[in-house]
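After this come two complexes, each holding chain A, first together with chain B and then together with chain C.
What follows is the complex of A and B.
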């Protein structure tokens, strides 16, 4: 029964996809020129240059071409999609790991100590809602390095969900477990590592999952702003050329990589869940 | 051509003359005559010189001093020594040789060195020839992907940087604010900028104050006012009340020319229309979306609007001010002072590239070289229409205006003064402005003129001139009176 439901839904998904692509394809066929063009028409690009959304066949064709040679390098402003994605993932990872290295210990601290929680809470509340991109001009000015600025922006946007979730997870560890630890005369460090950390781990990982999602959202915008390399730059460069097929293809790639990053953390979260 | 020998002038056994049977590499290259191009000759001479060094070195380890110079720098050293020694002996080679054989070359060199600053002369010679050792050969140069940047960009694929020993990465930049910040942060050694930017940056308008210099203008003309196709019947600027216009940057000729143009037609640019800063690549998309009614922007985005069938070209900026400056090549003063030889080589390659771009017969080839993804990332026909000046205007005609965009490196001080008057007029700078002083500090016209002459181009004899803009005279000696003469202004 369950299996047939899965098969049915998969089938339905494919049917939806085909219908959608069919409509898209049909509605966006390029007009063709019937008569020979005058010079003026040639300089205007002819009928095929009419502004329109490219049909899926064009996007798929382009995607195939890009993915068949993802790592070419034709100068500082023209690199393959694989290299661009690599740069973006690298920046996201560095910023994200730095944020984790700081957010998780501090989250632990404020989760365990109501005093620290109350003292730091105002800062968190003010800093958390600031759009990461708002930091960009300031970061560029102070750090004077666009690469590190981009990483800083990722860092600053990933830190809050991890911090808050860690604090929440740590604060909500069941009191009787801590009491049990106390009766076993575990040191505070042992209590933290052996009781609180495993108990709070699922919440911490949820925070990390939210963070990496936001970081991946932000990197595209940051790279569009700063330029140079990365998938955001790729989108910007193609927009510069008003090349919608490439823009659509890169949007799809951004979605795929975002999904993979999320799946990685979802998979990691399964490792740390426990049965009560 | 009168070559003098590059033999060691302190050696009594060597002749500094070239007789008909002379076997020195230069004479041999000359004898080969027209069969060799200048470049081949150069290579041949250097190769021969190398060989003679090796032969001498293997024959006698102490004879290195007598060797032929092996690179261009040593050649200049030797040429300077030679010229000084020859002049001491009244160009009489016999006297020189007999004198040297009496006192010996070491003593002679020491005596001469004590009365003549030989090393300084060599350094000065290299400086003027632009052949000193490059302090830095790997450079990053930023550019915004528009046709104004043509010389900066095309110098890369067409090898103009290489010719002067530079290894340059030209890096595409998302907009001028980023180009400014990356220049201030020293990520870029030099950058494509707008002519008002180095003035504004040096004065600290819109950024922290840091002295920047602008050795060359990139392009003159090359901009246009583009309107949305819906406004085909509104060709009179008086009908533009309430329009939203885009310009690429506040401190830009685009902003100042648009303001000037509408103000001359009686519209106040701050009240009657809206001027928004929109990065060039986003202009067409914003025009299509109806977010803008028009823009004064760099090409290829004017032509691109026509190509996309979104807008038409209302007027070329060339018809507002024939020969107005637009984009510039600029770097921090610090970079130029710390790396004089690199700066010199860079200046030469940019001037060369700009002059090359100015020739109409090269434009087609350039359009193809700069259109790929790595540079402008635009369709070739669009770039070609811009550079050749044979274009569709979006209203049904094919226009033929070869100087729609032109390239001229000379940074007129008077252009700087005009830009400053407009910055003052619209309130971007306040208080007393020493127009000529600032223009002269930032626009290094004298040095550019010197280098242009050296490279065989004809620089203007003066650095100031008056302009007529939309029929109105601009007198560079009376900047304040010029500002006062406008009806619409902020100060």
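What follows is the complex of A and C.
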């Protein structure tokens, strides 16, 4: 029964995909021009054809070509999609891990101490709603390095969900479990590591999952701003080249990598989840 | 004056009352003693402050007045010398049954090797009949099995005083009977000093050397100390035939039904020890 449900839903997904691609392909048939090309159109090399959104067949064909050699490097404006994605993943990872290294300990502190919670809460409430990209000019001015500025923007947008979830998870560890630690005379550090951390881990991991999702959203925009390398820059560059098939393929790849990053943390979450 | 292992003197717990300067006294002038190796049960109506007393003994709660002296020293804060079995088991759900026991053993003897910790913990899991279930998480265990793990964890750390707050309150009667017998077995082997709260009169008679009776709150008091004059080893099926059994049982039920409501006024409450009752014939 369960298995047949899985098979059915997979089948349905494929049907939806085929319909979607079919409509897209059908709507994109090159217009059968009866009129001869004007002189201007001839000059532009049949611009009316170039400007249409490429059909899926074209995108898929390009995708195969790109993925067959994803890591070629032929100068600053011509790198394989693998290299561009690699840059973006690298920046997201560095910014995200730095944020985790700071957000989780501070989250612990806030969660364990009502004093710290009340003292730091106003800062968090004001800083959290700021669009991470709003930091970019300031980052560029202070850091004077576009690479590090991009990482900084990732850092700043990843920090909040992890900080808030860690604090919430730590503050809501069941009193009974804390009492178990107390009656066993655990030191504060032992209590944190052996009781609070495992108890709050699922909530912390949820925060990490939200953070990496946001970081992946933000890196594309940040790279469009700072340029140079990365998938965000690549998309923008292909748009300037009017290579829409590449744009669409890149969009698809952004989605795939985002999904993989999320799956990675979802998998990690399975290790720390417990049933009460 | 005789030196007792545990001395509770003029213990009082109150909370701030509804209006300023007033206080809500849960219990006061609680005086009692427990000797080494004794098994003492406390019975009283719900809300009279039994758990509060136990939490003060555990060091998890603070008394408003009075002191607790264990082995000649006043207690302050929790200690591994005072193990606790909570009513809701309080197992760590991300640890297996065995790991929940090793948690306590490791805390108690940090210098022990991993193997020794493991072996010691397994022995206590076996004592409560959980051999074979050691790798299961609490969520995969029944209520009775969880409480066994909790008991194993407490006994394995071999505290000088074991505190149990209605440990079988959430279990069905059949399971309770089985675990009670296991508790007797493990207690007889370890000769642990036990302070246990229960609301089950038969359970108290089966397990205890002495039963403390608490009046209703607010301003509850420990009014009587009833000696259980039935020889050990005791078995649930056999003690009911002992000549003192119904005398004791009736006395306890009587107290709970009638006398617990009475406002027992004492002349000098400061050194009011519970009235000692010995019904042995």
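Everything that follows uses one rule, which is that the second predicted complex is superposed on the first by the 262 of 276 C-alpha atoms of A that agree within 3 Å, B and C clash if a C-alpha of one lies under 4 Å from a C-alpha of the other, contacts with A are read in each partner's own complex, and residues count from 1 in each chain.
The rule is short, and it goes like this: contacts are C-beta pairs under 8 Å (C-beta built on N, C-alpha and C of every residue); 3 or more make two chains touch, one makes a residue touch a chain.
Just so it is clear, the model here is predicted, and its values are computed rather than measured.
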- Query: Sharing chain A, do chain B and chain C clash or fit in the superposition?
  - Reply: fit
- Query: Touching A:140, do we find chain B (first), chain C (second), both, or neither?
  - Reply: first
- Task: Go through the superposed model and pick first if A:76 touches only chain B, second if only chain C, both, or neither.
- Result: first
- Which holds for A:214: it touches chain B only (first), chain C only (second), both, or neither? neither
- Query: Which partner does A:60 contact after superposing on A: first (chain B), second (chain C), both, neither?
  - Reply: neither
- What is the contact status of A:244 with respect to chain B (first) and chain C (second): first, second, both, or neither? neither
- Message: According to the stated criteria, A:94 is in contact with first (chain B), second (chain C), both, or neither; which is it?
- Response: neither
- For A:227, select first, second, both or neither according to whether it touches chain B, chain C, the two together, or no partner. first
- After the two structures are laid over each other on chain A, how near do the C-alpha atoms of chain B and chain C get, in Å? 51
- Message: Shared contact residues on chain A, chain B side and chain C side combined as an intersection?
- Response: none
- Touching residues (chain side chain A, partner chain B) in the complex: 39-40, 42-45, 49-51, 74-78, 137, 140-141, 144-146, 224-228, 236-243
- Note on the structure: Contacts from chain C onto chain A in the complex sit at residues 58-60, 78-80, 82-84, 86, 88, 90, 92-94, 103-104, 107-108, 137, 139, 157
- Task: Flag every residue of chain A that touches chain C in the complex, lowest number first.
- Result: 176-177, 179-180, 182-186, 190, 194-195, 198-199, 201, 272, 274-276
- Flag every residue of chain B that touches chain A in the complex, lowest number first. 145, 169-174, 178, 181-182, 184-187, 281-282, 284-285, 288, 304, 306-310, 372-375, 377-379, 381, 385, 390-392, 394, 396-398
